[in-house]
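Listed next: structures, encoded as structure tokens.
First chain A sits with chain B, and in the next complex the same chain sits with chain C.
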Partner chain A sequence: MERQDQRIGLLSAVPMGAVLLISFLAPLMVIAIFSVMPQKVFSLLHLPDFSSYKLLFTQGYIKSVLWSFGMAMASTAILFVICWPLAFGMAKVFKGFGLFITIAVVITLFVSENIRLFGWVLTLMKGGLIEGHLRAWTGLTFEGALYNVPVIVFGLVYAYFPFMLFPLIQGIAMVPDDARQAAADLGASRRQIFFEVDLPLSAPGIVIGSLLSFVLAAGAMAESKLLGGQTVIVIADEIETAFTYGQNWPLGSALSVVLILIIGALSIFGINRVNLDLIMGGRRS
Partner chain B sequence: MKMSKSARIALSLYGVLAILFLYLPIISVGFASVSKARYLTFPIKRYATKWYGKAVESSTVQDLLWTSLSVALLVTIISMVVGFFGALAFARYQWLFRGIFQKLILLPIFFPQAVLGLALLMWFNALGIIPTWKTAVVAHLVWISPIATLIIAIRAYSFDPSLEEAARDMGASTWIVMKEITGPLLWPGVVAAGLFAFLLSWGNFPLSLFTTGADSTLPEWLYAKMVSGYSPLVPSVGILSIVTSIVLLLAGGIIMWLVRSHNGTASPR
Partner chain C sequence: MSPEPILRLEGVSKHFGEFTALDNINLEIDEGEFLTIVGPSGSGKTTLIRILVGIEELSEGKIWLRNNRIEEMPANQRPTCMVFQSLALFPHKSVGENIEFPLKLRKQKPDQRKSRALELLDLLHLPQSFYDKRINECSGGERQRVALARALAFDPEILFFDEPLSALDFRLRKNLEKELKDLHQRTGKTFVYITHSLEEAMVMSDRIAIMRSGRFEQIAIADEIYARPVSRFVAEFMGEVNLFSVSGDAGGNPVGTEIEIQVRNTSLGSSMKLSKGASATLMVRPETVHFLTGDETADFVVGGVLKAEYALGSRTQYKVEADNGDELAVEKLREDRFLGQVGDRVRLGWNAEHAHMISGG
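Showing the complex of A and B:
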């Protein structure tokens, strides 16, 4: 049985492995090589110089990196706070209503992200759903809520809500009711139960949820473009500009490599910290 | 730890608020799509469905629909196959590199999609391939086939390996075991994964952006119109795309439900 498992396991992994090799690992290699090519070349057949990396530090790209990661951090923190009560309700309290919320949230995932963000533009702009109706009903008015940093963070919170919610639900479902009951019987306050039972026992879900929303928000572009106008330029936007208007593939590649290294390191760190068999509903092995 | 009734009600209200938060922008798009005016302002004074008519008649929109549909269908079929075997390697068999395989699969999901699209564009360029909608299929697969794998893996975790072993002890070959035991047991997971794959591909924008070449998918076209200024067609085409997703989701849900009630007690657990 043992030998058979080894062989079939390896064989079954081949199709997925091929997809990842051809269309994930190979492109990353290409980006890495392009990033050390001289400025503005379009083929890999040049002697490497590291001029793009020098540009990174002299041209103020660090600012975009900081904006991206700063806003990602803010949105992740906000997401954790607003998702926790709902996730708790869905894991422990709601019954049929929980299923209803799950379906409702999943449906939004299938609506193209840019349509939903465009919907927020229509909602928040001057003459939009909120301002327009407010003016018509009360005569009060305000200059739309768009084109600033908070609204970009708001957009990130909106877009990555499900990516925090579902892992949190999984995490909280792993906290045994007995443990909470026992802590309560022994006189623990609500605060203590939260910090010393709920948080540590649901850690795998918290790690995955925070990681997913942080990483996706750090690489996001549509929120800052559609909702934020040109208030801040995020790193993904700089990368796109370097490739398209700038026609400077090596520079774009170097920027991508920086983003990929940070995100990759974080992801690997996080993924290594959780037992995937357990969180996916399998037996401990 | 019994929850007080008022806490329970507060929590439910919070759930309702969360749903409203998620759907408010879609509602705005819905209202915008039936506004008669060329330049939208709320509150809407006159309603009309003429933009839907214009959208359906437009040959551009029809081309977009075809491209999106072709990409999504191919992605669905390939993801189902890759995901089926991937899930077995992920959850069912104990093999040497299983741990690494599990982690490797998650990496593309954590990746910024626009950057991934650009990387693929450069890779195609290095290979001398001119991007069309077919290259977009490859791009979508990087992100969608791992998700399909995870969905089927959840199903694969819940099945009893002794069923396979029993069949093998009675002399069934590996192929027969796959066809008669493993396949039927994982089938509901595969269908769910296919549905997810289609819908995710249908709505995906960042991966298509750089990889479709001269072709364009529905979300790409919508984005181009959004950044270049308001077009009254954007809300109606957006709503049409959403309606397509919901219809498919309902159809998929009904099929799954029929299959489940038909199989009745035969399914595991």
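Showing the complex of A and C:
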């Protein structure tokens, strides 16, 4: 009886399994195979050489990879620091006001990211909202705040704010008030409570939030293009160029594979360290 | 002359908006005593204990620990410690790490911490192999002991308990109650325990404080509260009891106002006398009421019909319906149980030395 159930289960999973296989795995396979094809070919029917991977080091693409991951790391760290107090308030302190903040944050997601970034361009550029007003009122002027690395990181922080905030709220909500009170009762200072109780008990939320914002930021392109001008070229930008202007699919594929491998390894490492069931509503004991 | 109290409360009140949770509480706790605060839920006992450890702030009043005012002191600076109702163990730490937590905060060396933790495991009858166990591998009773060990590692001046045994099953609870009393004697620390279970209070405590609506109704040793409660509320809270409304007649003798009680006036002492017209409540515990046979008599006698008989193991309890419909309880040891049948007409009697007069209605 149980074996029959198992067979029926497997059979009924076949259609969905096939769809997943074709829609997720197949494109990845195509990319992986393309990445080992010779330069500038448009077919998979060539003898593999690894010339695209060599270009990675000889033509300075590695620099783009480093910029992407460096800025992703910086924005994730900044996001954690900004979001923690807000998330703590929303999970433990605010009552109805928390809902108001949630709605306010979610509503920004209704507008396309590019349009919101253009809003920032108009705000920060020379002659824009800030510099323009300053000049009109005081006569002072400056070169606008655009086209540098910090403004790109600012853009990443702005764009991926909700992806850090909401998992953190979930994580902090899982910290029992009793445990914090007991720690205080046993003599822990605020700092000690944070490191001994809050941080480890909200770890699932921290890991999810950090992974989401890091992965998204590492693959982001709009911020560096719109806010950063051509100050730095990020890896996603290089990939797009290789596939479009460059007409070099194998190179684009090789860059993608590198990005996917690094992000994949980081995600698996992070997810293995926490019990995800907890944040999905599972019980701790 | 009793020793200086270790903790003294003066006029402690707590308001939540319009609601008064604690109403002008005064209390002195002696060094080394086991005081239990008992009250129904909502009586303010949890609020009181949370104020004493510093998790909650009081609205008015003063608290002295020995000679220091502590009501403004935050919880993490008070030399007191509480075992929470939920135990509040840290699920991400092992048993050993939980117990060592207060020592780690004080920057003690790891090997010192460990030897203290192992000592405490011994003290609480847990095997030393528990040191590396995860909290979620421990049973309810074991967690209880770990929470206690963690609190003892803190080495508090006063150890507070917020009903930590309430979630356990009956037998385990009974064992731990006795162990706690034993632990109190061995450590010599001051224990303040809150519970809604009177039995728990009676087993463990030196003194019991009965709380009701944010005030103390009576604070005394268990036997005093049991035999001479100051109010109907305390009498009823302390287990099964028979209460009769009475008022004084012209001779100062109590007369039942709702039920007919035959009173043998000649043998009543002054404690049973009432001034004329004054109303009071006459209390008698079920185990001191007797079934009268033949022409036997007693200081107080009431007639009724035997309604039911319940075996309680070592004792048997009887329900007797008095003539006005009130139910009375009688308890006898199993070996001298009453040999009547349900439905029989019976006479119940008790003597003045077992009765207690609660003044007021």
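One rule holds in what follows: the second predicted complex is superposed on the first by the 256 of 285 C-alpha atoms of A that agree within 3 Å, B and C clash if a C-alpha of one lies under 4 Å from a C-alpha of the other, contacts with A are read in each partner's own complex, and residues count from 1 in each chain.
Throughout what follows, a contact is a pair of C-beta atoms (placed from the backbone, for glycine too) under 8 Å apart; a residue touches a chain by one contact, two chains touch by 3 or more.
Since the model is a prediction, treat every value here as computed from it, not as a measurement.
Student: Classify the contacts of A:Val197 with the two partner chains as first (chain B alone), second (chain C alone), both, or neither.
Tutor: Only chain C is touched by A:Val197; chain B is not.
Student: After lining up the shared chain so the two structures overlap, which partner does A:Gly187 touch, if you call chain B first and chain C second: first, second, both or neither?
Tutor: second
Student: Please tell me which partner, chain B or chain C, touches more residues of chain A.
Tutor: For chain A, the partner with the higher number of touched residues is B.
Student: Is A:Ile262 touching anything from chain B or chain C once the two structures are fitted on A? First, second, both or neither.
Tutor: After superposition on chain A, A:Ile262 lies in contact with neither partner.
Student: Of the two partner chains, chain B (first) and chain C (second), which one does A:Met73 touch, if any: first, second, both, or neither?
Tutor: In the superposition, A:Met73 touches no partner, neither chain B nor chain C.
Student: According to the stated criteria, A:Val149 is in contact with first (chain B), second (chain C), both, or neither; which is it?
Tutor: Neither chain B nor chain C is touched by A:Val149.
Student: Which of the two partners, first being chain B and second being chain C, lies in contact with A:Asn114: first, second, both, or neither?
Tutor: Touch partner of A:Asn114: chain B, not chain C.
Student: Look at A:Met174 in the shared chain and tell me whether it touches chain B only, chain C only, both, or neither; answer first, second, both or neither.
Tutor: Neither partner.
Student: State whether A:Ser12 touches chain B only (first), chain C only (second), both chains, or neither.
Tutor: first
Student: Where on chain A do chain B and chain C both make contact?
Tutor: In the superposed arrangement, which is not itself an observed complex, chain A uses residues 181, 184, 285 for both chain B and chain C.
Student: Going by the contact rule set out above, which residues of chain C touch chain A in the complex?
Tutor: Going by the criterion above, the answer is residues 53-55, 74-77, 80-82, 84, 86, 88-92, 101-102, 105-106, 135-136, 150-151, 154.
Student: Using the touch definition from the top, list the residues of chain B that touch chain A in their complex.
Tutor: Listed in rising order, the residues are 1, 3, 8, 11-12, 14-15, 18-19, 21-29, 31-32, 40-43, 81-83, 85-86, 88-89, 91-98, 101-116, 118-123, 125-126, 138-139, 141-142, 145-146, 149-150, 153-154, 157-158, 165, 168, 174, 199-200, 202-206, 210, 218-219, 222-223, 226-227, 234-235, 238, 241-242, 245-246, 249.
Student: Which residues, counting only chain A, touch chain C once they are in their complex?
Tutor: Per the touch definition, chain A meets chain C at residues 176, 178-179, 181-189, 192, 196-197, 200-201, 284-285.
Student: Residue numbers of chain A touching chain B in their complex, please.
Tutor: Counting only chain A, the residues touching chain B are 1-2, 4-17, 19-20, 22-24, 26-28, 30-31, 34, 42-44, 82, 85-86, 88-90, 93-94, 97, 101, 104-105, 107-123, 127-129, 131-133, 136, 158, 161, 177, 180-181, 184, 211-212, 215-216, 218-222, 225-226, 236, 239-240, 243, 249, 252-253, 256, 259-260, 263-264, 267-268, 271-272, 276-277, 280-283, 285.
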